[in-house]
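Common to both upcoming complexes is chain A, partnered first by chain B, then by chain C.
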Partner chain A sequence: MAEAAGVAAEFFASNRARAARAVLDQVVLPGEELLLPEQEDGEGPGGAGERPLRLNAGARSRVRVVCGPGLRRCGDRLLVTKCGRLRHREPGGGGGGVYWVDSQQKRYVPVKGDHVIGIVTAKSGDIFKVDVGGSEPASLSYLAFEGATKRNRPNVQVGDLIYGQFVVANKDMEPEMVCIDSCGRANGMGVIGQDGLLFKVTLGLIRKLLAPDCEILQEVGKLYPLEIVFGMNGRIWVKAKTIQQTLILANILEACEHMTADQRKQIFSRLAES
Partner chain B sequence: MAAEHKTKLSKNLLRMKFMQRGLDSETKKQLEEEEKKIISEEHWYLDLPELKEKESFIIEEQSFLLCEDLLYGRMSFRGFNPEVEKLMLQMNAKNKEEVVEDETVELDVSDEEMARRYETLVGTIGKKFAKKRDRANYEEDENGDIKPVKAKKMFLKPQD
Partner chain C sequence: MEAAMQNEAKICAESKTESGPRGPGCSLRHFACEQNLLSRPDGSASFLQGDTSVLAGVYGPAEVKVSKEIFNKATLEVILRPKTGLPGVAEKSRERLIRNTCEAVVLGALHPRTSITVVLQVVSDAGSLLACCLNAACMALVDAGVPMRALFCGVTCALDSGGTLMLDPTAKQEKEARAVLTFALDSVERKLLMSTTKGLYSDAELQQCLAAAQTASQHVFRFYRESLQRRYSKS
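Take a look at the complex of A and B:
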């Protein structure tokens, strides 16, 4: 693969699409077009034998590829819409992989299925208006809680924190959220309890902390008893036994984005001593 | 109590919300399908030739849930909130598709227990509605179970 500068010069000279597989884990810029593996054979001479068996030269094997956040479909290619590193994941079952762009941003855009922390700002008739950090407040019906009926209303006041998920979230409609899953069970969603501290971080940090093998959380969990709720909209709610512990925790989580692993270990060891 | 005939509950009763909570998703789907069948025949439809959609094999998703395996958002450490810790185990096990054996909540009572309770239940409730004279018939067993012991004294017609 040519040097980054060389590639950039080439790119600006002729707007030629690059192969997605060649650019994995590298920085991509908005406006670039990426070719999927199956198309490489047709484009370049003597492709790297992706599909050795070709019954019909014209037909392409239809493997469903998912283009995730930061990518868009443009004909048969992927168009990059955000700058960041291109990632790929092979799926377990059938179908192609998932491609997405790992970018950094602070502003949240509501996405269906995301679990978020919202603040109730208004109560109007049958619905609550919940601020989730997007362009408009989401609406939450009072029936969308576990065991709620018309007679049995949930105990939600203005200013409460709600942990819920989106059922409708697109650019054309007002986002709607609920606090139950499809079976009608709460699964931990609903009003978040008393006390604690809510603060805001970048979206990338939330994903980093919620990764399955996150060391930061494991180390934090060893310090003292605490409870954390992560919202995909960049909000974290923490609670510990004393106010001081809560503040320490909040500071650690905010700062760990910019610390290296060594610095982190130093801080944790200092905390463990005191 | 060998249940040979299950008391058939009416469809309207089954459709009520408090009956739906205990059902699995499968039975729910079946009920929904039955309702749909009734409705679908009355629906109007356009008699047009089918337009074929351009088949594309790229699907657009804006959610990060598909891309990365993220853990459940609520966490509790060192026993601060036991319910959340239980939830953590449940939800993270679901993600990894492990078999969670605690899922089956035992709502059913075993037959023996049922028979035992029913026995005493008949006694206690029966005692409530029995007249003063009949209350003496209900003796207390060693275990504290109430059983009706003596037979009722019936009117004996005098023989000539």
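Take a look at the complex of A and C:
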């Protein structure tokens, strides 16, 4: 029994919570606990929680830290729930910034404010049921289009592609989406036109392509003139002048996930020549 | 083109009383793990322990039938298919053990009224099958991005008639053993999540096996960490 207790103590020591700052951009595993910067004083070199006495007790500032995807609040600490790289963004104004875990996933979970591509699966009364790749279909009211009134209904059929954003998306309710922004304008949302190709990629690739400093899109644009729509649910719709060009673009975007920058440039230059 | 990643590591564990054909100092067999090898499921993993190999696929959080939905958490389903023949009672009981382990660890409250399905296919069985299934299920759940509060692993111990303890027994060792014990341990404090035992053993022997399994699980978790770090270092 003694060895078991000794071994258990050693395990406890190795699983002590680490400071979030120390593991930034490193791979974190589910079950790890992270300490926020303001709590590191208590776990100083003394280990027993020695803290210098402060003359003004109220001077410890409490910063508000936002817990992003992959992290949960567990007491005063952050509990990691998904495997991935820990990221941090400094805040613009006051506050402690945002911490989140960059993980690779294929399944989409609806989030409020996300722009997604959905497929209309049913029309029942005044709402459309739209499949967005989540656990249940989202509902879209026929009045949620630009210029739609009770008399002037939008021309949406079953099987159409819709680009919209979520206004209600939480774990307890059915997700609801709309095709207008808060001012009542379409702003690019609505029914996606004829032809083109819809295909699915991982969520991480979509975020990579939509990042402000991504050159893949510019390179693709120089190759052929194209129309492209990215949905945060992992769906991309692309349309070029001919079917062959459309298929080439779809294959390039799917392959971008696994290629390095050099390989990509090689493929683009080869295609530009031909 | 698949983002398959292979990670092989030879893991050795010191155990207090160990003997066997593997030689001194080595108690666990060779491990290998591959993730994201199937294109249809949301997460997949293949786990290899010696000659035992299990393929796991995870779908979720996905739609659930109204008859099976739970209002405040996700419905977890485990399907275990044997290598040959139709699934029988033994598979059903193993499915239940794996499901109870996963339910203890997966944060189902974040996805109410959805279903998370784990499908396991036995590719080859050469001993310690349940432990291999648990490891494959854990890696597949991590690959699918299902939120979990800890990782878990399975370790099998066998006690032979002389009282010597063998970790990760082969099929022959399991058949000749007096008792076979399988434990599922979590990664945070090496707590026991599930245990299933078959055979004759004393109370002291149970504690001894549990301690040996906790030591061995340290190596399995280290292997998980290396494997996942290698996967994320490619992107």
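Criterion: the second predicted complex is superposed on the first by the 244 of 274 C-alpha atoms of A that agree within 3 Å, B and C clash if a C-alpha of one lies under 4 Å from a C-alpha of the other, contacts with A are read in each partner's own complex, and residues count from 1 in each chain.
Note that in this section a contact is a pair of C-beta atoms (placed from the backbone, for glycine too) under 8 Å apart; a residue touches a chain by one contact, two chains touch by 3 or more.
The structure presented is a predicted model; accordingly, all values stated were derived computationally and were not measured.
When both complexes are superposed on chain A, chain B and chain C sit side by side without a clash. By the touch criterion defined above, A:Leu217 lies against chain B but remains apart from chain C after alignment on the C-alpha atoms of chain A. Contacts of A:Trp100 after superposition on the shared chain: chain B is touched, whereas chain C is not. Contacts of A:Cys67 after superposition on the shared chain: chain B is touched, whereas chain C is not. When both complexes are overlaid on chain A, the residue A:Val27 reaches chain C alone and has no touch with chain B.
Residue contacts after overlaying the shared chain place A:Ile228 against chain B, while chain C stays out of touching range. One of chain B and chain C touches more residues of chain A, and that partner is B. The minimum CA-CA separation between chain B and chain C in the overlaid arrangement is 11 Å, rounded to the whole angstrom. Shared interface residues of chain A, touching chain B in one complex and chain C in the other, are 72, 109. Across the complex, chain B is touched by residues 36, 62-69, 71-73, 76, 78, 87, 89, 96, 98, 100, 109, 111-115, 149, 163, 182-184, 187-188, 207, 210-212, 214, 217, 220-222, 224-232, 239-241 of chain A.
Interface residues of chain C facing chain A in the complex, by the touch rule stated above, are 1, 3, 16, 36, 42-43, 60-64, 107, 110-115, 142, 144-145, 147-151, 186-190, 207, 210-211, 214-215, 218, 224-225, 228-229, 232-233, 235.
Put simply, chain A touches chain C in their complex at residues 1, 3-4, 7-8, 11-12, 15, 27, 29-31, 70, 72, 79, 81-85, 103-107, 109, 134-136, 171-172, 204, 254-255, 257-258.
Here chain B touches chain A in the complex through residues 17, 20-21, 25, 55-81, 84, 87, 91, going by the rule given at the top.
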